[in-house]
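Alright, structures below, take your time with them.
Two complexes come next, and they have one chain in common, subunit A, joined by subunit B in the first and subunit C in the second.
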Partner chain A sequence: MQSLRKIKPFRWGIELVLITIFQFISFSNVMLDAGDFSGKFFMIFAVFFAVEWAYTLLMRIFLKQTSFELEFIAFFLSSIGLSLVATLDTDFFESGDLDSPYYSGRQLMFIVAGLIGFIVLRWVIANADRVSKLRLPVAALSGLMLAANILLGEENNGARNWITFGGFSIQPSELVKVLFIFVGAATLDKLQTTRSIVKYMIYSIGCIGALFIMRDFGSAVVFFVTFLIITFMRSGDFRAIVLICIAAAVGALLIISFKPYVAGRFANYRHIWDDPYGAGMQQTRVLIYSASGGLFGLGLGKGMLRGTFAATTDLIFGMICEEYGLIIGFAVIVCFAAIVVYTVAGARGSRSSFYAIAACAASGLLLVQVALNVFGVTDLLPLTGVTLPFISRGGSSLICCWMLMAFIKSIDPRAYPKTLKETQALG
Partner chain B sequence: MDFVIEYSRYILPCLALIILLGCCSSLFSKRPRTKTVAFLVNAKSGESVPLHYWETSIGRSSSCDIVLSYATVSRFHAVISRRKDKWIVFDTGSKTGILVNGEKIKGKSEIGDGDCVIFGNVAYYFSAPNFSDDKNAAYVSALVSVNNGKVFPLEDNVCTVGRDKTNNIYLNLPTVSRSHAKLEFKDGKWTLENYSSNGVYINSKVVYDSRVLHDGDLLDFGGAKIRFEEFYKQV
Partner chain C sequence: MHNTSKRALSLLLFVAAFLAGTVILAVSFFTNGSKWATYVANQHLYTKGNVISAGTVYDAKGKILARTEGSSRIYNDDPTVRAATLHAVGDTEGNIATGVHSIFQSELTGYNIVNGVYYLKQNFIGNDITLTLDSDVCATAYRALNGQKGTVGVYNYKEGNIVCMVSSPSYDPENKPDAETIAGDSYEGVYINRFLTGLYTPGSTFKIVTSAAALENLPDIYSQTFTCNGSFKIAGSDRGVICSGVHGTQNFESALNHSCNSAFAKIALEVGKTNLQKTVDQLGLTSSFEVDRVSIAKGKFDLSGAVDIDLGWAGIGQYTTQVNPCAMLSLVGAIANSGTAVKPYFVKSIVNYSGITTYSNSAQTRSDIKMSRELADSLKDLLRSNVKNYYGDYTFPGLTMCGKTGTAEVANKKDTALFVGFSSDESFPYAVIVIVEDCGSFGATTAIPIANKVLQALR
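Moving on to the complex of A and B:
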C-alpha cells in the first residue's frame, strides 16, 4: 500500500494559541483597569477560554475537522466585544450601581448560546433532505415570530422590535434573519422543479412589511439586501433585480410621502454638527473619540465614548477605534470583507446550491449590517441602530450572527465528517 | 501595572494582524481542489462527461451544468445529486421522463456505479467510485474498468499499460498501442507517462506527455475507459 498524498492542513493549533494570547492580554487589561474589582471577571474570562478550547479540541478529535478559520474569526470578534462590555461593568462597579459582572456575564452567556446555535444549525443543514422538509415549518415559524413581535412588541429607541418575558428581552427580527435565509435557499432539484420565485417574494414582502410596521428600518434594509442576493442566486435574472429595486425605491418614496415620521427618523443625517449636544451627539462623539484613539488606542477602559448613550451597542465601532485603536478597527472590517470574498470564491465548490445561496446571503447580510453600523456612526449613512456583528452588546444579535456563520461554514468541504480515505488523503 | 497596559496597546494590534493574516491566508489558499466525483458515459458514442459537483443539473437549457441539445430532452430535465454515500437522480418536471435500467422513475431514484440512465432518448452509463467506509479496510490505488468493472490494483510503484502481453495491464484492443503508457508512484503522487502516438485521454483531454493523476480521473487508452481510484477499498 502506498503512502497517501498530503495536503498541508490549517495550522489551527498555532492560530488558537495566538488568539488566546490576544484575548488573554485584552482580558488582563480589563482586569487591571478594574483594580479592586478585577476578581469579579475571573470566572467570565475563564469560561470563555474553556468554551473556545473545548469547542476546537472536541471538533478536532471527534469530527476530525481541520478548518477552524471562520470560528476563530468569530471568537476573535466576540472576545473584542466581551472585553469592551466588561469595561462597562467596571464603570458600574466604581459607581456602586452593580456588584457583579452583569453585562459581561450576559454577553458570555449569549456567546455560548450562539455557539450552541451554530453547532445545532450545522447539524440541521448537513442533511439536504432534512433541509427540504423543514423549509415550510421554518417559514411558518418566522411568520409567527414577526406577528408576535407586532402584537406584543415594546417600543425602544423608536422601533417596536422588542419582546420582554421573564426578565429577558429578545428581538425576534434578529432571529428571523436566520430563518429568512433558511427559507430562501434551496437545493438544486427544488430550484429546478419550482423555478418561480413568486412564493418567496410574497414571503419576503411579508417579512419586510412587518419590519416597516415595527419601524425597524435598519433591519428592513438588511432583509431587503438579503432578499436581493437570494433572488439573484435563485434566478440569475439581473432584470428582475433591477425591477425589484425600482419597485422598492418607488415604495420607499410613497411611504415617506404618506408617513412623514419615517423621514423624521433620518432628519439628522449629514447635519450632526448642527446640533452636536443634541440630535448629533452620538455621531459627533464617535468621530472625535475615534480620532483621539490614534492607531494604537488609549487602552481598554481608558476611553471617553463609553459615557455616551448606546456606546456598547450601536456605537461600539467608535469604542473599538478609541480604546483598541484604528488598526484593530480596520482589522475588524477586514474580517467581514474576508468572509464575503471567501464565500463568493468558495460557493461554486459547495456540496449543494442550498449551501451556496445560504452562505452568500449570510455573508452579504453581515457585510450590509457592518456597513450600516460603521457608516451610520460616522454619518456616511443614516444611523439606523443596527448592531456590529459579534461585537455589539445584545443577545439576539449575537446568537443570530453565530448561526449565520453556520451557513457560511457549510460551503467548506473540510467542515464535514470525513470518510477514512478522505482523512488519509488530507493527512 | 500601567506599563503593562501601555505595552499591550502596541502588542494587541500586531497580534490582531497576525491572527487575521493566518486565518485569511488559510481561507483563500487551503481550499481542497475541485475534483471529478462521477462520470456520465454516453452509451452510444462513449463520450464521457465528468461531474465536478455534488449537484449537477441536466437539460436542454444553456444554464444547465450538462447541456443535452436533443428535442426529447426538456429544458430543465434532471438533477443528479450526491446525498451522503448515495447518488440520486431527480426528475425535475421533464416531459419525457427518466429511465433507470429500463424502468421509468417517479420523482427520484437512487443510482449506482454502472447503472444506465436515459434522459428522453439519450442513454448514459453512470460511473462513480464506491463511498462506503470501513475502518478495518485497507486502501490501495487501482485502475477500474468503466466497461466491465474489472479492478487492476496498483501494487507496485510502476505499472505499464499496453497491447503487448509483457505489460502489467494488458488491453487486447487494436486501438491500444503495444506500449501505451506507464503509471509511476513518485513523491507521494501517481504520474501517468504517455508512450503512444495517439496519446491518453484524461478526463476527455488528450495528453501526449506526462500528468499527475488525481482520485476519480477517467483515463481513455485507445477506447478502453478506465477510472483511476487513488483509494480503492481492498476486499
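Moving on to the complex of A and C:
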C-alpha cells in the first residue's frame, strides 16, 4: 500500500465547501421539519458551522496543516448525529415537554468538547517523552475509573456502565478506551521485555474483566479486539494471537455455562421475527423502518423508528437509513472502513511505532464498534448495545471517538508539513 | 518501524470482513426489504393492523373485491362474494397466507426499495390487482357447497385463467366469527385455500391416471375383458378390493363407466408398481408448481412398501394416495387441450399508480406434465363416454362434458364426493373440479350437480 506521504491530500477548501453543503441541507431539513420551532435551532447550527470553519481555518493558517480528511469525516458523522438528535428535540417541542433544544444543545456541547479533547490529545502525544511519563498515571486513572464504575455504577438497559457525577451521567468505559490505547501503545513502545508484556496483559485482563462485571459485553468485545491488535502490532506473533483467542473462547464458554443469563441476553439472535413485539422489538423495527426509508430516505423527522426505545442511541443506524436513506446509511459505514485503510497507509510513514500502534488500535476499535452496532441492530450479529461512533446521542461516547481520532491523526505526516523534515529524521 | 507497518496490513483483514458484512447487509435489504417494510408492525403502512395504503383488488369483470378507504379495508358489498373470494383476496391480519393481500403485499402497497414508503405516504394509493376470478361464479359455487367443507375450481384450459376458486369453510371478512368459534370443528382449516394447498384422497377420480397407465403400458387394454363379481381378490390374500356393485363382464371403457373397482385393481396389478408410479409422476401429480407465487401442495403417491393388494387399492385412488385439487384440474385440462397442460393462474395483472403494468400473466405451458396427443385423445374419449353413457348428458344441460366422479373413503370421516371434468366444446374451454368433504354421498349425486350449477353460471 502506498504511504500517505506520497498521496496528495484532497483539496481541503473544496472538501470544506462540499461538507458544508451537505450539513446545510441536513440542518435545513431539521428546521423545515420543526416548523414554528425552527428558530430554536438557529444558534445550535450556527455554532456548529462556526466551530467547524474556525478549526479548519486556524489549523490551516497557523499550523499549515494540509490534510483534513479525518476531521471532515468526524464532522460529517457528528453533523448527522446532531441533526437526528435535533429532530428529537422537535418531537418534544411538539408534545410540549421541552421549550429549548435540550438534547441537540448537549450534543453540540459534546462535539465541541470532543474537538477540544482531540486537539489536546494531539498536543499531548506529539512529544514522546511526555507519553512515556504519562504512561503510569494514565494506567492508574483508567483503573480508578473502572473501579469507581463498579462501585458506583447504575444499571441501564442490562449493563451497569453509568455513573452520575454532578448532574452529568458519564460512561467511564468509553473514556477508558482512549486511556487503554494510550497505555497499550506506550508500554509496548518501551523495551519489549517479558515483564512489560506481562504487566500489559494484567492491565488488559483487569479492564476487560471489569467490563464483564459491569455486564457491558459489547465494550468487553471492543476492548478485547483492541487488545489483540495492540499485541499483534507489537509482537507480530500470530500464534500468540490464536492462543489468546482460544483462551478467550474457553473463558467465554465458561462464563456462559456458569452464568446462563449471559447467553439468555443473546437468545433472540437470528430469531428476532419469532417475537417481534417482545425480545425482537428493537432489531425488527430497525429492519422495518430502514427498508421503509428506501435509498433516499423519508426526510428528517419523518421517521417512525424514533418511537422505539434507544432509537437515537443504539438504534440510530436505523434512523439514518429511514430518514436519510440507505445510501447515506451505507456511506456512514464505509467511512469507518476508510479510516482503517487510511491508518494502514499511514503506518508506513509514522514517526515512531507508538503512533503506528496507537493509530491502528484506535481505527480498529472504531471499526469493531461499528460492526457490533450496525450488524447487531440488523441481526447479523448478536445485539450488544454499543453506540455508533460520532453519531449516537451521548457525551462520553462522542468525546471518546473524537479523542481516538487524535491517535489516528498522529500518523499523518501531511498534517504537519512544517515539521516534516524533522519527523522524517526521527522516523 | 518496518515491522509495524507490515503488521498494520493485517488490519485490512478486518476491513475485508467488515465490507463483506456490509455487502451481506445491502443484499438483504434488496432481497428482504419489501418483506420487512410491509410487516404489519410498520406504522407508516398500518394503523391497528389495517393497511392504510393499498391498492384495489378487482375481479375479472372489474368488480371491486377489496379497497382501502381512510384507514380501513373495505370488501365487496355482497357478503356471499366476500366469503367466496376470501381465500383469493386474503385478510388484513395475514392469516390467509395464499391471498393476494399476503403474497402481493409489497405490490399492493406499492413498496419498492428505491423509494421506500415515500410515495405511498404521499399518495395513499398502492398498486391495483386484477384477478381472473368471476366473483359471481365464485358466489354461485360457494352457495352450491351450502356450508359443506370442500373446494370448487374452474379454469380455462386453453388460457390458464382460473375463473372460480372457492374454498370452504370460509367467513365474511367484514363480519368475522369470534376467535372461539373460528377455532371450532366447523371452521377447521378455514385459513387454508383448499384448492391450492389442500390434499385429498382422490378415490375413483384417480382411475383417470390408472387408465392413462394402462393405455401407455398395456397394448391390448381395449381387447381385455373384466369380470366383476362384487370384489377383487388375489390368491393367498384374504384382503380384497370391494366393488360398489356386481358389474359382470365388461370391457375397458364400460369398466371405467361403471367405475368398477374390481377391474381397476386388476389393471393396476397388470400395469405394475413401477409403471404406475411413472405415470403418476409424468402427469404432474407429485410435483409442485407455482400458481402466482403460491407453491401448490405436492401430491403423495408412494408404493415403496405396498404389497399386491395395496397396489390394487392404489389403482382405485385409495391406499395412501393424496392429490391436490389444482394439480388434478391441471391434469384434466391437459387431457382437454390435446396433451398440453396450461398453467393455471388467478392474478391477471398488477398496475401501479402511474398506470404501468408491473406484473401480468398469460398462457404458459407446464413442461412437467408429459402427455402425448394420442394419450390425451384416448382419455378424452373415455371421459366423454362416462358422461354420455353413464352419468347422462342431462346432468349438464347444453354442455358437452367429459369427466369422472369419485367417492373417496377417508378414515374417521364420511366419504368425500368428487367430480373432475371439462367441457370439450371449443367455445367453452373450461375444466372443473368439485370436492365435497365428509358428505357420505356419491360424487355423481353430490359433486356433479354443483359442477353443473357453477358451469351454468359461467355460460
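Methods note: the second predicted complex is superposed on the first by the 398 of 427 C-alpha atoms of A that agree within 3 Å, B and C clash if a C-alpha of one lies under 4 Å from a C-alpha of the other, contacts with A are read in each partner's own complex, and residues count from 1 in each chain.
As a working rule, a residue touches a chain if its C-beta (ideal position, glycine included) is under 8 Å from a C-beta of that chain, and two chains touch if they have at least 3 such contacts.
All values reported here derive from a predicted model rather than from experimental measurement.
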Exercise for review: State whether A:Gly364 touches subunit B only (first), subunit C only (second), both chains, or neither.
Suggested key: second
Exercise for review: Scan A:Ile229 for contacts with subunit B and subunit C and give back first, second, both or neither.
Suggested key: second
Exercise for review: Could you look at A:Ser352 and tell me whether it touches subunit B, subunit C, both or neither (first, second, both, neither)?
Suggested key: both
**Study point:** Touched partner set for A:Leu295, first subunit B, second subunit C, both or neither
**Key:** both
Check your understanding: Regarding the shared-chain residue A:Arg285, is it in contact with subunit B (first), subunit C (second), both, or neither?
Key -> second
Practice item. Using the touch definition from the top, say if A:Asp36 reaches subunit B (first), subunit C (second), both or neither. Key: neither
Point to revise | Per-residue contact with subunit A, leading partner among subunit C and subunit B | key: B
Exercise for review: Quick one: classify A:Thr378 as touching subunit B (first), subunit C (second), both or neither.
Suggested key: second
Review point. Just subunit B (first), just subunit C (second), both, or neither: which does A:Ile327 touch?
Key: first
Practice item. Could you give the residue numbers on subunit A that contact subunit B in one complex and subunit C in the other? Key: 1, 236, 295-298, 325, 334, 341, 348, 352-353
Review point. So in the complex, which bits of subunit C are touching subunit A?
Key: 1, 3-12, 14-15, 18-19, 21-22, 24-26, 28-29, 32-34, 36-37, 39, 41-45, 112-118, 121
Point to revise | Residue ranges of subunit A in contact with subunit C within the complex | key: 1, 229, 232-233, 236, 276-277, 284-285, 287-298, 304, 307, 322, 325-326, 330, 333-334, 336-337, 340-341, 343-344, 347-348, 350, 352-353, 356-357, 360, 363-364, 367-368, 370-371, 374-375, 378, 380, 427
Practice item. Within their complex, state which residues of subunit B touch subunit A. Key: 1, 4-6, 8-13, 15-20, 22-24, 26-28, 30-32, 34, 53-57, 59, 63, 76, 79, 81-84, 90, 92-93, 108, 131, 133-135, 137-141, 154, 157, 185, 188-189, 215, 230-231, 233
**Study point:** Footprint of subunit B on subunit A - complex, ascending
**Key:** 1-11, 14-15, 18-19, 21-22, 25-26, 28-29, 32-33, 67, 69-70, 72-73, 76, 127-129, 187-189, 192-193, 195, 236, 295-300, 302, 324-325, 327-328, 331, 334-335, 338, 341-342, 345-346, 348-349, 351-353, 412-414, 419-421, 424-426
